[in-house]
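For clarity, chains are labelled A, B and C in written order, and residue numbers in each chain start from 1.
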């Protein structure tokens, strides 16, 4: 038996991810998350693969997915929430039998796919996945009886957890037709039709066996999650994979595990401390240092720049900068001396304002989150956790302490005192 | 036959060139433009060489010129404009026969001198030089009949060009006496006596044969032209000419064509990417990068400084700076972290204010134009195209968006909020 | 005969040394001044060694001293001034015979100890030490007759010097009991009991033979004296003493005389230009430069940082900084791009405010004096000679022109103009 038909969810508007663009199109080690999931599912022999997305990302996601597997179908979501996405997938995809529902941006180990496949071969059940969690996590906790999930309790609060297992979206339904009809029957004013349908099926006695998952799970909700996702992929680099078409100066130093793509140029005295990924045609200039980072295609990491623990998209340009613990969109450039501050002066936990509310990131080190098409002037200082919207310019010498929306131009107002110089500088000899 | 007597014009007050000092005394590859022209004319065997200059530069120009050829005569201009200069040259220089009139700061290929010499040998004509120009250029266009210039039309406006040839000042008159008497006879309220005399001679039927010139022509009018003149000379460097008295650390890297003069020290991990010229006794310190640039004598390009596509005069001192696409006088120093911004944030064409008017430079990259004896404080940011006058101090942390006159001290006014620190920093452990 | 009993003075409150902590506990080449003096005196076989200090430093000084020689006694000073300290030492130390009085932070060459020892062996005199001084020095001048000191004239004023010899505190009394009784008999409203006692003994005909001293003398009074003391010790380093437990990258460069302690890591392309000392477990990161400096234990001299002619205590952290001619306490960190300006723009002598009065330092190059537990934000600029108190935070982008007391938080107030960006940056291609 093959792997079941799979509906991949890629439809959210990702407003919590702003100013970064569609997360499922973010590349890690040169491949988007979409491509990676399609690769995995295609390798497993998935019966059908259907992606549900929104109008804005349709073409890009389709092109990414079909480049890997031309059989993949991509549809724009009709209806609200996860229920709408799943119903669109079932109907447009013509899925009537077993179906797996998962998010594009949830990255699991291959074992989970194998285990599901094995379980399906054994039994005709539905399956849900529970992640063993020691510390309280604000998600949906599973109520378990004899290895079966009886109920999902959303955010029970610390101390009230019904078990140590939190649900992740990797839901297998043995009967797509049945799932569709339950979803169609649920009415709810909230955005929880899918969850209500699940409860109803449990209440009606359908068996949802729990698959326990203890492997790595990476997901992207907030923009700084790009950094942990990056770390996940960086750790998978093995050895030094340096393209034959890359030019590495004799005095450049490359330590640790790296992928260096075609057309990359690494200039004299540059240092790359792996794990690191350098995308096609990018330049790592003299005296630059890249460590624990991903650099996209066609970037220039200019003279004496350090990029540390940062995700840099395509066509970014740096020049004597420090880019630390930051996630940058494409076509971002920094003038000489501009700096991402990645540590509070009290070295406390860094918060980021998401939709008007400060969200603590759990990180002591976090630089900036910068959208596509941004310019930062020379000697500017960007404070920890500050976000900059797309198509925005930060002038020179700016001390930026707050988020800037997209499409803005920020200029520092300064006052200069101009008086006569009473020293004859020509007489100063060294 | 030898090369004709030549009057070299070096008399302009160069106000458009401010804050840089006399352009004819600018050194390229270690020699002033004056020296270079005298060398060329001396090598050609010029009958007489006369330089006309102003009071201020007399001694320096005389010393430069006579060091190359002690026979050169240098006179202070009497009378206005080019006519005044030429008349001074003819009279004081005692030039009665054939005479070539040219500017010191017009640099032509040697072919032009050879061609003129050949033509004179053939015919007793006067000669003017026309440069073939595809795109409209706001200069004097030649009206040509049968290879002879009939008229010069100043700035005819795009679309009204009488030919594709623009006049450059490389004028040969077969009879100096005649030229003098015509010049003396012209009366004009404007600064155009020379041009009027030329017209009159043409109207009177004197033959001015056109020599067509398609070679390289470099000239200096505005200060940023120093950079294109520099580029011209940098391209002439062949191989790696490194003085035996220079000290180059084992770990220093020198790529491409360079001239490195006596007494230069290049420290560990410094990189020089040619073409580049490093003047006597200058230091290129640890981790510094010099590329496509000229560095004068007794300079220090300090730790982790990049000098790119820039002209640096003698006794300049840098320390962790970016000097990009800039032209600097002598005895200029930059504090650590001070930066020349060489690119507008919109990457548009850079304009420079010349005598109160913004002049577009045709350059997307242009840093700063800085006179002699200037100090720039640490972490200051100099915006693209800004000029700084001689003997001026720019304080620390200054964001300089406008030109500063000579003899000024510019200080950034800042307001600091000083409150109690409620964190016990001694408890922060890493 | 052994070396006499010695009373080491370490009791001053060092208010002129603020914001740096107790000077006698400053380490040079890994050893505090206290340890060094105890080592010297122990090696000479001093009869007894007694240190007089204050309550605050008692435990630290005792532990430092007794680690070298468990026989050393340390007492808290009772009574005022030097007289109080000496009386405490004589009484608590039970010193009745010959006794040497000296300051912990006066560093002399070993010859002086030897000469004193020889003289004592010869004669039963008291001895004072005079330093031959060409230029007027505001200290105590010796009136000399037949090689004996007849009187000490405090600060006689230039031109009124009674001799060319200035007194330094290296006073030997042949009879401790006698000294104690004279000290006890003096009454003075001023803080000069010790000096009055000395005068009285001279007036009474006691012989104080002068020992002439022409060797090196280093002392610490003002905080910048740490830098000259450092220089003194740096010059004593011989060869390259690199611990076997230190890790030095292949591309790192080490020139000149250095001590590199256990656990140090020197990363690729770092340069150390001796003389230099690097304390235990410190990291000199990629592209960093350390020269003519001491770095304490557990420091990180981060990417592209230069530390020049500076004293850095333990647990300091730098990142793309210039630390020049500065003295830093422990647990100090600088954000990327922060700079100590070490040269006035007019290159004049640098003054430092000590207890409200500007004191000229005699130095053209002096950066900053920074107490323990200080944080400096990114891109801040600290002006020459400015001091920062302990447990203080200097925010980002600050231009600091004045001293900051301990326990403060300094923030730059900036005004940003935020307008719409009318350029579509996505269209800008490189």
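Everything that follows uses one rule, which is that a residue touches a chain if its C-beta (ideal position, glycine included) is under 8 Å from a C-beta of that chain, and two chains touch if they have at least 3 such contacts.
What you are looking at is a predicted structure, and each value in this text was computed from that prediction instead of being measured.
With steps allowed only between chains in touch, the distance from chain A over to chain C comes to 1.
Different-residue interface: chain B and chain C share under half of the residue numbers found at their contact.
Between chain B and chain C the centroid-to-centroid distance comes to 53 Å (mean Cα coordinates, whole Å).
Counting only residues that touch two or more partner chains, chain B has 251, 269, 287, 304, 337, 346, 375, 379, 393, 397, 412, 423, 425, 428. Contact residues of chain C toward chain A in the complex are 249, 251, 267-269, 286-287, 303-304, 319-320, 335-337, 346-347, 375, 377-379, 393, 395-397, 412, 414-426, 428, 430. By the touch criterion stated above, chain A contacts chain C in their complex at residues 251, 253, 255, 269, 271, 273, 287, 289, 304, 306, 315, 317, 322, 324, 331, 337, 339, 341, 343, 345-346, 372-375, 379-381, 383, 391-393, 397-400, 404, 407-413, 423, 425, 428.
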